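Here chain A shows up in two complexes: once beside chain B, once beside chain C.
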Partner chain A sequence: VPCVSGGLPKPTNITFLSINMKNTLQWNPPEGLQGVAVTYTVQYFIYGQKKWLNKSECRNINRTYCDLSAETSDYEHQYYAKVKATWGMNCSKWTETRRFYPFLETQIGPPEVALTTDEKSISIVLTAPEKWKKNPEDSSVSMQQIYSNLKYNVSIYNTKSNRTWSQCVANHTLVLSWLEPDTLYCVVVESIVPGPPRLAQPSEKQCVRTLKDQTSALKVK
Partner chain B sequence: QFGPCRVEGVVLQKLWEAFRAVKDIVQAQDNITGVRLLRKEVLQNVSEAESCYLIHALLKFYLDTVFRNYRRKAAEFRILRSLSTLANNFIVIVSKLQLSQENKMFSTWESARKRFLLFQRAFKQLDREAAVTKAFGEVDILLTWMEKFQQL
Partner chain C sequence: DLRRCLISTDVHTIEESFRGIKKAIQAKDIFQNVTILSPSETLHSIKPSDVCCVTKNLLAFYMDRVFKDHLEPNPQILRKISSIANSFLSMQKTLQQCQKQRLCHCGQEATNATRIIHDNYDQLEVRSAAIKSLGELDIFLAWIDKHHHGTSA
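Let's turn to the complex of A and B:
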């Protein structure tokens, strides 16, 4: 028996949260129905094609999010998604996202950062983040393969002098030279791609101490 | 660098920012979501040699047909500034895309022309105002394609 459409207010704030091409649709419950046993049904649409498509795993669900990564994995396409709420015999009208373009809108996650140090330098090795994959056993695709112009913004903080500086690098290795011996340095890295501005996710702050100056140690002996 | 044409001094970032400011307004006006003008067949696997002809034809079309006919609506929606930024930058690019006659390879030109005609035919099949709005809403697809050539 079809529900009474419009009998409920629509869900609100429907958006795609996209990180490394993991595209999750999320929304808020309808106004005034927080805590009520409302269920939701999601559909999605590929811009330029003809009909709305169902996402079977997101039919009559209780949660307020739905993973549409597989359905929106062709990142050169653009998409819409919509959700409606149902409670008893009543349901809301659909509420729809704006046009979603994964290639331009996905957040590029931070790279993996490996630091090694000696007296006056720190070597940094960066590994590009991986694209979302459907199955863990699927072969990995680096975001570098999708964005060949992927660069990194490396921020370095000298805890002794309280000074911070940053460098934009294109390749995966970077050596910071002329550092102070026996000093704690902290590093944070963000991935960046040209194109429209997009949110950046910084890496976890990592700190390393440069080695003591061996020459002064020898003189003391 | 678009194949045989070199374009210097063009900052795509300004174009991105201009379009981003109007994207949601313009795309929300496009109700014919079942049609995409800049389809994959138009822009995918374009050879370097073709790219100059295609970008020239597309930008000229956007200047002469899309932006020109969208001005009234842009004023209505108070987005004239973004429209002007896009148009002025497209004029600069087109002016720098001078393709010298001697290296105009007919077969490449023909292949690029077919791609452009795919786009233009789809445009003409729609109501004029709807087509202009849809084409403007697809500037992000066009800039994405241009950006890829800028990396080569």
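Let's turn to the complex of A and C:
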């Protein structure tokens, strides 16, 4: 039996949250219906195609998000999505996203960061994040392959002098030289793509101590 | 570097201008089931040697048709569109130099892609076609950024 359309207020704040092309549709419950056993149904649309498509895993769901990564995996296409709420015999009208363009809108996650240290230097090796993939056994695509101009903003903090400085690098290895021996340094890295601003996701802070100065150790002997 | 004719204009300033009006412009485009640029049939299959020609043709498409056909009541949006048009004008001048140097060759794919875009435009009522083309500027700008990236003319 079809529900009474418009009998409920629409869900609100419908947007795509996109990180490394993992594209999740999310929304808020209709005004005044928080905590009520409302269910939601999602559809999506590929810009330029003919009709709205169902997402079967997001039909009559209780949660307020729906993973549309597989349906929007061609990042050079553009998409719309919409959701409606149902409660008993009543349902809301659809509420729709604006046009979503994964290629320009996805956030680029942080790289993997590997640190090795010397007396007065720290070597940093960065590995670009991977694009979302449907199955773990699928072959990986690096975000570097999608954004050839991907860069990294490396922030370094000297815990002894309380000093922080940053460097923007394009390649995957970086050696910090002229550091103080026997000092704890902490490193945080963000991925950057020149162009429209995107929310940045910093890496976990990693700290490493430079080695003691061997020359002064020898003099002591 | 005239071996490959590339635009040095900072596309990101144009993208910035467009981002300010994108939501309003795309919201006026009510025909979601139709595209003008149809990137998967046109832009995505362009070879590096045809990039200059397609860029030149699409700049002309926007300058000679889209910007002329679009009637914009909102002064802020109009100012942004004018800024984009001025940037396109300077890009056109750059490519004209390349054309003189015979570096802006048009292969069959480039010609086909241009024709598809004009045909798509002609399918719609002119105001709807203009607003839809404006709404697809992010596709064109991302394509320019990707293909004119790195070296400058």
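Note that the second predicted complex is superposed on the first by the 221 of 221 C-alpha atoms of A that agree within 3 Å, B and C clash if a C-alpha of one lies under 4 Å from a C-alpha of the other, contacts with A are read in each partner's own complex, and residues count from 1 in each chain.
Here is the rule we go by: a residue touches a chain if its C-beta (ideal position, glycine included) is under 8 Å from a C-beta of that chain, and two chains touch if they have at least 3 such contacts.
Just so it is clear, the structure is predicted and the values come from calculations on it, not from any experiment.
Q: Could you classify chain B and chain C on chain A, in the superposed arrangement, as clash or fit?
A: Superposition check on chain A flags a clash between chain B and chain C.
Q: After the superposition on A, what does A:32 contact: first (chain B), second (chain C), both or neither?
A: neither
Q: Go through the superposed model and pick first if A:149 touches only chain B, second if only chain C, both, or neither.
A: both
Q: With both complexes superposed on chain A, which partner does A:136 reach: first (chain B), second (chain C), both or neither?
A: Once the two structures are laid over each other on A, A:136 reaches no partner at all.
Q: Is A:47 in contact with chain B, with chain C, with both, or with neither (first, second, both, neither)?
A: both
Q: Classify the contacts of A:194 with the two partner chains as first (chain B alone), second (chain C alone), both, or neither.
A: Both partners, chain B and chain C.
Q: Once chain A of both complexes is superposed, is A:76 in touch with chain B (first), chain C (second), both, or neither?
A: Once the two structures are laid over each other on A, A:76 reaches both partners.
Q: Residue by residue on chain A, keep only those touching chain B in one complex and chain C in the other, then list them.
A: 45, 47-50, 76, 78, 80, 98-99, 101, 103-104, 148-149, 194-196
Q: Contact residues on chain A for chain B in the complex?
A: Its residues touching chain B are 45, 47-50, 76, 78, 80, 98-99, 101, 103-104, 148-149, 194-197.
Q: Would you mind writing out the residues of chain A in touch with chain C in their complex?
A: 45, 47-51, 76-78, 80, 98-99, 101, 103-104, 148-149, 194-196
Q: Would you pull the chain C residues touching chain A in the complex into a rising list?
A: The touching residues are 11-12, 15-16, 19, 23, 26-27, 32-35, 38-40, 44, 135, 138-139, 142, 145, 149.
Q: Enumerate the contact residues on chain B facing chain A in the complex.
A: Touching chain A from chain B are residues 12-13, 16-17, 19-20, 23-24, 27-28, 33-36, 39-40, 44, 137, 140-141, 143-144, 147, 150-151.
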